[in-house]
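Per-chain residue numbering starts at 1, and chain names A, B and C are given in the order in which the chains are listed.
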Amino acid sequence: MRRLLSILRIREVTPLIGLLVVALFFTLRTTNFLSGMNMTAITGIAATVGIVAIGVTMLMMSGEFDLSVGQNFAFVPIVWAILFVSNHVNEWLSLLIALALGVLVGVVNGLVTTVFRIPSFIATLGMYFGLQGMNNLLISGHQLIMFDASLSMTVLGGPIGNTPFSMPLLWLLVIAVIFWFVSTRLAYGNWTLATGGDAGPAKAMGVPTVRVKRINFVISSFLAGLAGCMQFAYLRGVTQAQGDKYELLAITAAVLGGTSLFGGSGTIWGSVLGALILSSIQIGLVLIGVPGSFYVTFIGVMLVVVVIANTRIDRITEGTR
Amino acid sequence: MTIKQLAAGIGFAMLAVTAVGHGAVADDKPTIYIIAPSSSDDFWITQRNGAAQAAKDFGANVIVQAPPQDTGDAGMVPLLQAAIAAKPAGIAIDYTSKTMEAGTVAALNAGIPVVLYNNNRFEGDNKPSDPRIQHLAFVGQDESKSGEVLTRAWLPMLPSKPCKVLVVDPFPTAFVLTLRGDGVKRVLDAAGYPHSDLAATDDQNQNLSLISAAVQADPSICGIAALGGPAANPAARFITQNKLNISVSTFDVGPETAEWIKGGGIAIAINQQPFLQSYYAASDIAQWVRYSLAPVNVDTGTSLVTKDNVDIVKACLDAGHC
Amino acid sequence: MSIGIVEVAGEVAVEPVDRTGVPVFELDHVSHSYGRNKVIFDVNLAVWPGEVVGLVGDNGAGKSTLLKIFAGYQKPTGGQLKFMGKPVSFKSPAAARALGIEAVYQDLAMVNQLNLWRNFYLGKEMKKRFGPLAVMDRRGMRKATIDALTELGLTRIRSADDPVWALSGGERQSVAITRANHFGAKLLLLDEPTAALSVRETRNVLESIRRARSHGLGVMYIDHNMNHVIPVADRIVLLEHGRVVRIIDRGEVGVEELQELIAMRRHNPA
């Protein structure tokens, strides 16, 4: 019993069980949940949502939110596409400039939150509207398309050989490994968790809490922009609606993965699993023929249930110590 | 300079330019207001182009007023009130619901000619209390009738033996798309084609996966009736990539949709010609001012686009007329 | 109000403090004002290595301000600070920390959400090379944490991965003091370390203070309960209205005498 409970204390275990239950349910209820085509469908959504969720998780671990990631997810690829599709700037240089602007968004988010000491919820909500207006200014509802994939687009969003998967999935795994390493093996990960857990003692023990938060704002913005570029490269087109509500989906994936809304705990793989759970349910419900709009209701209920369950598990496992 | 500052700067500059533009209205040209619900997508940008062309062709000041974000009816009401206060020669109103009634009545009571365009939603709860409104001239397409026109033209491209059609709605909360779907389904029902619904999103990537799942769930699907571009484009992509024998129809033609029609991924689309909506609405008012001619009804939803005429539509798109 | 005297083990065999060397920290004619309001007047005070100094006095006597000056939170408006005999001036608490001046506050001792070893090494993580990267030496930190806490006598702790929220307030402070010890602090500052603690916890905290002393750390702490000062402090500094009015050596007065002293001065200010 004690061993079982100590396994439950590993944060990734609960979402892994969740994903297995979801997969098992849909595998039994449908004939083609595990088909190659369906893997394409599930990973097609989970890859980009997952990358956004990884950045959001780092930030949430340090106790802050980023509501601007969904808009940044459109903003960065729009800038990229404007430069290299519409104005024929070198594709790599364009990508670099676009990603740099995405980073700048994170710098501003971090500075506004930490210098003026306002809730990041408000600072990044402001950025959400700011970027929405900016995206509108940049393409005013138009769609930018690039049907002939260039090298950079193939690298970011092309197919992976003859598999049913595309590059964003590979990038998701690479990015997850990097940030798993950063968050668990580097002192910076310790600082991130301490900053989000309780900034007072962390600061008293010499952790540069403000700098940690600022860096995580940048990570969050950078990954959102990068994932947006991958989606553009994958779809070969971008509109302002790209990434609509991804800020909420990313937070949901992180929470399903066991990240605390109050900071101080969370895991990268948990969020990746959370993204997979979300997309599996979204796709699975279509496969079994449940009306599509039911998905959001389902996610809403599940989110609340998972948070309650996580709180309970924390209490039970604490009792065994 | 930060992005926020840049955005704010540009926004402020645009406001200033708009204000100067309005201030310059000091000649004796008639002023026509067009109240729109959005300024941020292809459709409404093209509307604006039509209004600008009408201003040139008919020697009028045509002012398009739209909220900065798509806030639905609520965003248009204050703009309409402001337009009435300006005592213009006429106002074109997108009559999206009964919410627009009070403002429309106020304009009529102030003696300002009104033309409805894009929407004249009178059905059900939206039935106007003021009988004058139902008799106002309307420029635009009847969404559900367009659904019928489109689907009747599409039927010969589907297998002649009735098979399943997937109706994909990228904006399940938008009423006009429900109307489009109703028109599509009426024709399918009459021809004996079964159909099922897929509620999708405005994000094309998610729609790509959703459509994939729906097609796998039901291999008997032989046609996808997309109710807008964000559903049609990923549908075309999916069937092209997987070399499936499924025909796609859709509403509205943007650049990607035009590419897919040209490549064969989308069989047919109906274009409601937004340019003409504001153009003819402004024209109606201009002819009233000039010649005292009563405004006329114009149905703009008559343009069917297939591989055969897509090049013309693409040129029209590039020119900002489609 | 009198609480029963807390017994502290080994009270009889206290080695005398060697004050022949250089004090670890020294205030030389230090005064401090908040604006026009002068709160510290010409204080001379030194803490030697291996010495525990108790700071007592009525509310508003300037105890906290003095502690803040020690910890680098306040820069005194007059006088000179000396660390290991050398004049110093702290721009921030971090500057004081860098020299080995460690302040432990009850509510700022630990991050609840982190487990023991992460807390113990927070900000001073043990590193090892991993290719070009310096990664955390998790095994090393776990082992060292357990060793340090076992020495402290926290036997309830089973693993270095236990979260600290299971620890009581006193245990946290004991861990924090052990941590300061472990990282080679020279001077330990404690602000009312026994406030709101049970008798047993108080004993543990005072025991940690004695252990720090035996490792050669200078310790200065504020306490309102004379029962917690008399048995532990080598010297007791009585503050009043920002002035040092008396310095009492170990064994010079008893608990009740000291309480009377403070009360008397309250009623008949000098």
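The rule is short, and it goes like this: a residue touches a chain if its C-beta (ideal position, glycine included) is under 8 Å from a C-beta of that chain, and two chains touch if they have at least 3 such contacts.
Not measured: the values here are computed from a predicted model.
Report the chain whose CA-based centre is farthest from the CA-based centre of chain A.
C
I'd like the most central chain, judged by C-alpha centroids against the all-protein C-alpha centroid.
A
What is the distance, in whole Å, between the centres of chain A and chain B, each centre taken as the mean of its C-alpha atoms?
33
How many angstrom lie between the CA centroids of chain A and chain C, rounded to a whole number?
44
Between chain B and chain C, tell me the centre distance in angstrom, where each centre is the average of that chain's C-alpha atoms.
The mean C-alpha positions of chain B and chain C differ by 73 Å.
Please output the residues of chain A touching chain B within their complex, sorted ascending.
30, 32, 35, 37-38, 40-42, 44-45, 48, 101, 104-105, 108, 126-127, 130-134, 136-137, 140-143, 145, 147, 231, 234-235, 237, 239-246, 279, 282-284, 286-289, 291-293
List the residues on chain A that touch chain C in their complex, please.
Contact set of chain A toward chain C: 185-187, 189-191, 193-194, 196-198, 200-202, 204-207, 260, 263-265, 318, 321.
Can you tell me which positions in chain B touch chain A when the two form their complex?
By the definition above, chain B touches chain A via 2-4, 6-8, 10-11, 38-45, 68-69, 172, 196-206, 208-210, 212-214, 216-218, 229-230, 233-234, 237, 242, 254-256, 259.
For chain C, which residues count as touching chain A in their complex?
Residues 93-94, 97, 103, 105, 107-114, 118-119, 121-125, 127, 130, 133-136, 138, 158, 162-163, 165-166 of chain C touch chain A in their complex.
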